[in-house]
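Before we start, here is the structure in question, set down as structure tokens.
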């Protein structure tokens, strides 16, 4: 017998920073091992912080694409977002993922609908799409259609569960607007690569046009990361937001 | 205006081997560079084939987990399967993917329904589920429910497109039973790891219980690969189907 | 002008655990997101510890090769070992490295010589070598030869530096017994893979015959890791020391 | 008893392209699966070539950093170069390596000495070194010193082998100028990343200052690759030689 849950519709995403060990000082210590060998260890062990004169070194590493010093750190996020967002997210291979499983548990009916600020009308050509606001009728129509489809998919799911069909089969009727949840662990280098491709960069050397919903996740991740590694974040921005 | 397509329901998956450069001989040459240095190059350049006496070397590499000689080859597959299969597939990070995009094109209405041989009833505990045949009523019910949900989702999709909603928004109403297509490129080591986790291994040191639909993809991939690298495939099986 | 340093000969290796965020509890929380979704977050945030009843779950993950829950953690080691050890170490690709650079700094004359307990005589065939103690004459002879070669190489290096030759050129005269230093960051899954290949496993399904000097590094790394993740380490051992 | 070999000194590197499956057409087909789905398969199977109008698509992929279409190809190189070059090379983790082993075979006495055109004198600061020609006295001195150190190291090696010391121990006396050999397999995306960091890029957004000897390897690899994927190579150059 399936559990009984009210269907919930959301237009936002959830990002929590569960665990982290990330600081500008670690970038400095990792970089200095190149030039100073064992002497860096004492500073690292003593918990020394990055200082103003370290800013130049971090900027140099970023600009000249010495990426490895940005890897000796770790951030674990807990993310709740629709499946269509996770599909894009998990194309990033330098990361660790554990996601809620529709094989092992009954899925909760939480679905995405576009919020009023979501631009709904696409103009232009592939690779350089621009989005414009839809009319309020268009927005209402999209919300109504998506709600109806999600409801139909979820009701089919629960009826199949009630009829004894395995969860992994029944779930195939659920739309990609369904929310899932995962832990994802990345280092700052991989995170910067993620941010470079999943936030909008216009007018830079390498423009980027992510789907808005994954950008919402990326922006929340960046908001957690930036105060942990302020010099790294600043030089990342100053160098066109291209990951080293 | 959306294109008009009849909804198609399938219960199988498509795998094509688009391109490959994979042979037992390459494993041998890569392994022999360890012990013979430059002398191996001539054999490799001359297109020498693996011989019976090479079988022992391949078995030794597999058993002692010397994995790198199995990496100097490449297989590119074209796969058509439902989104819920691709979601599992793309968790394999040592591979290259390009998938059809719901942002860049209008998606065709091809959906998965379980075939008559699909075991539908799950018994046992997480991690050691077993599946049993459902009744014919259960099967018919599952097919009917899934078809109805897919039809509802697809009709919502086309109505949104017709109303001028962007493809990337409208698609959120589509269920994970929708077929997608991709190119995936792997080397034999990564393929063996995929096979070890996505085909059933019972009674081995490391059992595996994949969902049947990704196993169908894995079996077709294995059928293409096995004749290309018969000694590698044989020793993979002989060593418990654990990738080196 | 080169700096003046006394030549030092060592027979050991140095491993420090600089930074870590690794616990059995993180494995549990990452695994439980599959079956419990968002409910796991509270436990993780509250710093809950792994309990006795979690041992079974960790063992199941290890045995069935569900590797991803072992990735949401991070260990940074500082290692000093000879170049020939680093050459083997850096073949492990799922790790982050920053090493002392002979291009950016003058290298210190610290060299490896085998200690009295190092077995010096190799018998058997490739892939199944065994080592036996050498005679004390053999040991003395090896130490003397290596010391003389290192001294010759280092004196050539300093004379070239004194003559104005660039460090990156002068260093080519230095032997692979030279000690280097690095930061290496790994997660527990990658570390277990490293340990499985770089410590001796005899009588297991998948035997391993590492060179003794890298095994010395691996043993020290394992000694730091084991108390941080005791259940993970225990089940790793109980399952043949094959990484999931 | 060690084999008897004359010591050889070289100043160049060897690169052979052993095997390859790489073309601009594959980039096109992989990219088009995003927008055309299954229709691309026929073109790929029919061996269609990239045409002039595909150049724009390749340039767009490069500029906007859509990297994955550049991964569905494979190049296997056989490289002979000094150990100090291999040490830098193997820091590139998205590649497959098999290298000659000093544990499994007796190493041949081939060593690197700088050629007359090698700039020997380093000026400037770390990260922005410039090199100037040395005097002919400096060059002669460097060659003599390196030859003497290599000869001393190699003679120690052979004497230890003759005394029954295991190869893996005796080799520690050998300098990093010793030539080794390996097979390395990469896809074009990883190769472009290698080229971007291991060839000199001055006056670009992201400058690069590799050691000359690894640049010699990179240049030879690039010379093999460029005619196989001419549009990819051209757009790589046109976009500042930053890998997508």
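For clarity, chains are labelled A, B, C and D in written order, and residue numbers in each chain start from 1.
As a convention for this text, a residue touches a chain if its C-beta (ideal position, glycine included) is under 8 Å from a C-beta of that chain, and two chains touch if they have at least 3 such contacts.
Owing to the predicted nature of the structure, the values given are computational and were not obtained by experimental measurement.
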B-C or A-C, whichever has more C-beta pairs in contact: A-C
Gap in Å, rounded to a whole number, between the CA centres of subunit D and subunit C: 26
Centre-of-Cα separation between subunit C and subunit B, whole angstrom: 34
Chain centre separation in whole Å, for subunit C relative to subunit A (CA means): 32
Junction residues of subunit D, two or more chains touched: 35, 68, 91, 97, 104, 126
Category of the chain touch graph - line, ring, star, complete, other: complete
Residues of subunit B that touch subunit A when the two form their complex: 82-84, 86-87, 90-91, 93-94, 97, 102-104, 112, 114, 118, 120-122, 126, 129, 131, 134, 138, 141-142, 145-146, 148-150, 152-153, 156-157, 159-160, 163-177, 211
Residues of subunit A touching subunit D in the complex: 35, 60, 63-65, 68, 91, 126-127, 196-197, 205-209, 240, 242
Of all residues in subunit C, those that touch subunit A in their complex: 16, 18-19, 21, 26, 29-31, 33-38, 41, 44-45, 68-69, 71-74, 76, 78, 80, 96-101, 104-105, 108, 181-183, 185, 187
